[in-house]
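After this come two complexes, each holding chain A, first together with chain B and then together with chain C.
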Partner chain A sequence: MSISVLPALDASKKAVGIFVVGLIAFVIGYWVNRNYFSDATPVQPIEFSHRIHAGENQIPCMYCHLYARSSRVAGVPSVHKCINCHKVIATGRAEINKLFNYWNEKKPIPWIKVHDLPDFVYFSHKRHVRGGVQCQTCHGPVEEMNRVTRLASLQMGWCLECHRAKKVENGRDCWTCHK
Partner chain B sequence: MLNLNRRDFFKLIGAGSIGTGAGFLLGESMKNPVELLIPYLIPPEDIVPGVATWYNTVCNQCGAGCGVMVKVMEGRAKKIEGNPAHPVNQGKLCPLGQAGLQVLYNPDRLRNPLKRTGERGSGKFQEIPWEEALTTLADRVGGLSGPGASDRVHLLSGRAGGHLDELFSRFMDQLGSRSYLQYEFAHPHNLYLANKLLFDEERLPYYDIKNTQYLLSFGADYLTSWLSPVHHGLSYGHMRQGRPGRRGKFVQVEPRLSLTGANADEWVPAKPGTEGLLALGIAHLMVRNGHYEGDDQDKWSRALDEYTPERVSRQTGVDAQRLASIAEEFARSRPSLAIGGGTAANHTNGVSNLVAFNSLNYLAGNLQKPGGILFNPPSDSPSLLSASPHKSQAPYARLLALMERLSKTKDSLLLLHHCNPLFNLPDTVEIKAAFQNAGMIVSLTNFMDESTMMADLVLPTHSYLESWGDDVPEPGVGFPVAAISQPVVAPLYDTRAAGDILLLLADKIGGDVRNALPWSNMEAYLKSAWKRIYVEKGAVIESSTFESFWKAVLQAGVWGETGSKDAPGVRISGKHLLSQLAYEAPRFAGDQEAYPYILHPFVSQAFHDGRGANLPWMQELPDPTTSVVYGSWVELNPRTAMHLGIREGDLLWVESPTGKIKVPAYLYPAIMPGVVAMPIGQGHSAYGQYAKGRGANPIQILAPLTDVKSGALAWAATRVRITKTGERVEILKTDGTPRELGRNITGKRITMIPIDASPGELASNRVTGPNKG
Partner chain C sequence: MSDSDSIKEKWKKYRNPGYQDKFDYSWGMVIDLDRCTGCEACVTACQAENNLPIVGEEGFRSGREIKWIRIERYWDGEYPDIKLRFIPMLCQHCDNAPCEPVCPVYATYHNQDGLNVQVYNRCIGTRSCAAYCPYDARSFNWFSFTWDKPLDEQLNPDVTVREKGVMEKCTFCIQRIRQAKDTAKDQNRRVRDGEVQPACVQSCPTQALVFGDRNDPDSAVSKLAQNPRGYQVLKELNTNPSIIYLKNL
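Presenting the complex of A and B:
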């Protein structure tokens, strides 16, 4: 009596083939997500363009992000601040109308954070700005972006790279950022 | 693989799509959650996002009146610290004070007015709008006011200091009712009365622990709960280590070693209730050995004649030799100080005990001396004086009278304000009946506690961090001090401050009541009161206008008139002491045969009188002596436990003549064998998710005995018996074993080195380990 192993082998070959196809598809799926559905460039509730404001019109960063020099956070401009200018400038455009809708309903604009650090990281804009770090060092050439995109990874290695290069005092101490 | 059949083809398609999907989802899952960046609509001028503002206010977690500064960021309170400028706590703060944030943010905060829908006590409530709640109440109160209102309208408040107290008085006066009382379990009624009897001053003096050389404390757990623990902690540190070359000695007399006792040089366990006798025995020796040289020496000698060391030693259980050495040291140390509190002041002879302790201070010449007892000068500003928090406090006997009137009068109304008598009073028939029979109960509070459960109408109040108020710390600090508490954040919920509720009610009642209380809110009322202070004290206030004065006080968190002053109202004479001196033996509820152990309840650091039990931080704070968390326990001497066959964790019935509670055993070597101790604060049947159903409440089984002189509840005068239930639980605690296991932690074999030892002596007094000893 002889038992043929060939049908079984054939079946396992097929299984391996299916697995390999699945694996390749998995990698493709991941790659597509990372490259075409990235969260580095979120769509904002209003198509605000930094290129127009900071680039073409040369408005200084800290005109709107007015706490960067004095606080941990840089601050987003209040709706009131936007309205102050746009009462007279560029009125009637679709995106400006959106702004006025928020204002009329007395609702703040739910901007989506582009640069976000986890809660266990202590980061102070004040320190960096007063230490002479340009906004663009971390945020990239925002004045050329229509929709802001995150270029830096904001990972710890990336922070340390700069701290090392600039020989920041206590810049490699755990407690400097994790406190 | 080329000869693909239909079935395999579909399998491949399936694998491909599942793989792609899974890969996509993995990428998706690795993204940070979307965080929003919400701007202000119109930015408040005084807020810089990310930068904290510190507001000064007053802590309201106990009666000490510490100043606190609250860290506020973007309108949210984030941290509480002590106010360095406040003379009571000088920048320090206790854990209960730190946990004030959990009062503010507690998920069990009451957020809307509630109306009872089910049976009284069923806990069934319905949310109603403020307008309806206030109109209902105003109609009711208005209808009940007028002649004879004292029987019909009652206001029972927890501790309410400063001008809130005054507002309560005014409001009740306008209604024609004199039935306004405050009740706090730990309020030192007996101490006030003892001071009144001896010095004609119904205020607390300043116990100058800081500068004393020899501190003899009878049961006063001054480092955790007595009067003003944060201030005492500072003073204690100074007494022991703040004076180079001079370390004050400290002896603690108490039947159970408290945290304070654990810090003492000597712990003297005297039989509960005989502390006064012990003091008189010490006084006897002081006079007999010629340490007192006053004109009335003979009178003292006669009065103290009967308290011979033999008798005192026999009745207190304290060795005669030890008695003699304490008397000698107390008399010879300059200055020395005797204080009394805790259970020693809360037996049926509490006042009499306190008189005896003060006789020691008189004989040793410690009155009105630095390092002894300093009397607080009365403020020459009537407005400040009127803010003294004691006058409305009611001892147990008066409270019972209120309960009786409440129970017997038809259509009576009980207004409760931050007061929980059903938890903080013994579980007696009268109190239960009063709550059942009352015509209407209205509770103004933050939380659904046991008493609020019985209310017909619940009016949620602001937490103290959201309210206006002021406070005069008691005990004072030797000079007039007052502090304003201001709201540090905007109210979180649709609540009202208690003062505002009263003023709104007055407005709704109309007529004379409205005319007498014309202020629009508590802030306006407070300002008008402080304007009086400003006018009266104009001479010593630097600010040129009231507004600048007001702002300066708010900014500093406290206003005080520094500089030492005399206390002219105080009468220091031996005559009064002598007339009050006779020792009374303590009485106990329960027959010694049937109830062999004396119950020693103690106010815990974390929960105070139970109000801290709904704060998670306090639940997880290990008790300082036992390290137990999240529960109750009863402390037994290991010898008692061995006698009864009890191990740690055995669930026991602790039974008094009036009730019984179930609680696990904890073996504590530092308690007298005839005494069992229980912390106060747990055992809530309501009061929110963190407090409810945890541990047992010893107040519940206290017999309603009172002090013979003051009528205050004698909460240390109950006998109990202990029986095993047969069940066992594991006591949650953070320490491991109470044994040293040869590690020489307590340093039994360490030779004590005198503080002023020379380097040579230091070298010769080498620390010896267990093997060399």
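Presenting the complex of A and C:
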């Protein structure tokens, strides 16, 4: 005798059941995708928390991203900069051990870029920082994020919204940003 | 006002005669043909600076080469009384550019610096602009080109690599102009004369090419443009090019 619950259910209940299972699968799939496979919130090689560094410990952004004021790129800190503090702070933790592995192997940490602009866009951090734009205006409240998430779309319309509102000099000319 | 309306209005404004006097810069070039030896160093420099692809022999034969600057060669007279003349030909950044009104998508327009802008992302590849350009300064990307390793390492990161289906042409090395303006803005001054040099100007061994701001009466370009040898190519078309050639006598 075969055992099956399906004959015991009528058609409408079956439909509801399939719908509920489908919904649960969708929600789990969405969550997994968003947290582990999305390009807006990539999983980084080391679970570095901006919330602890920039939020709780109040380290200024430009202590680590030190080129933002003077260059087109903000700059990812060298492993040396991390080691500088972590020689003495929070040693022995699993994530810090990962950091020391990179240090001992003399390899850079393969961070995954979160805010990545396409090849045809010219963007200068210097111009924006010197123009008085806060880091959080584009990058969101990074000091509250454990793993950095890209909140802005980084599309042209999004850039232009600000350029229009602030009446940037030549800010709407194509060759100001396109190269 | 919608965006396309504002673009139209801006465009109309830029096409009025004398519009460039209202703006800070009006980039231009003077090419002294007496000095040009036809060595094609400018062509090579442009190729390297602006990530121009090499189309190969077959592509060249079918007229699909991509050149932002080329040296035109003319023979005067018959052997043995023969004279060779060279004319470097590049986008003239005309004030009344014939390529601009024909673009259906505003992919080419005049900007506030007197430059004829080509926007690759807007271009849909109708090639009307190339058909209307009397100087044959525009090149079309018939294919997407790739650079084999390790040649991709030599690509200039400040210039994008164009895709198949877009028109491209000389930009007066906009990346260098942008860089100079950036530095000038930091020091709260105007771009100095001679601070910007496009790749062709920089590489010219005889300094036949001079680049600068035509709005500045003291700049080298403005002074050289006063030379009685000066002329504009195809002036009768009323395109009013930004490039002044000095006649080879």
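We adopt the following convention: the second predicted complex is superposed on the first by the 142 of 179 C-alpha atoms of A that agree within 3 Å, B and C clash if a C-alpha of one lies under 4 Å from a C-alpha of the other, contacts with A are read in each partner's own complex, and residues count from 1 in each chain.
Note that in this section a residue touches a chain if its C-beta (ideal position, glycine included) is under 8 Å from a C-beta of that chain, and two chains touch if they have at least 3 such contacts.
These numbers were taken from a predicted model, which means no experiment stands behind them.
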Next on the checklist: Contact-wise, after the overlay, does A:77 reach chain B, chain C, both or neither (first, second, both, neither)?
Outcome noted: first
Next on the checklist: For the three-chain arrangement built by superposition, which of chain B and chain C touches the greater number of chain A residues?
Outcome noted: B
Item to check | Which superposed partner A:158 touches (first chain B, second chain C, both, neither) | outcome: neither
Checklist entry - Given the touch rule stated above, what does A:170 touch, chain B (first), chain C (second), both, or neither? => result second
Checklist entry - After superposition on the shared chain, which partner residues are touched by A:130: those of chain B (first), chain C (second), both, or neither? => result second
Next on the checklist: Quick check on the superposed pair: does A:31 touch chain B, chain C, both, or neither? Answer first, second, both or neither.
Outcome noted: first
Next on the checklist: With both complexes superposed on chain A, which partner does A:120 reach: first (chain B), second (chain C), both or neither?
Outcome noted: second
Checklist entry - Now for A:179: first (chain B), second (chain C), both, or neither, which partner does it touch? => result second
Checklist entry - On chain A, what residues does chain B touch that chain C touches as well? => result none
Checklist outcome for this item: Contacts from chain B onto chain A in the complex sit at residues 1, 8, 11-12, 15-28, 31-32, 34-43, 48-51
Checklist outcome for this item: Listed in rising order, the residues of chain C that touch chain A in the complex are 109, 111-112, 115, 117, 119-122, 158-161, 171, 174-175, 178, 182, 185-186
Next on the checklist: Under the definition above, what is the set of chain A residues touching chain B in their complex?
Outcome noted: 13-14, 17-19, 21-34, 37, 39, 42, 67, 70-73, 75-81, 103, 106-113, 116
Checklist entry - Any idea which chain A residues touch chain C in the complex? => result 119-120, 122, 124, 126-127, 130, 170, 173-176, 178-179
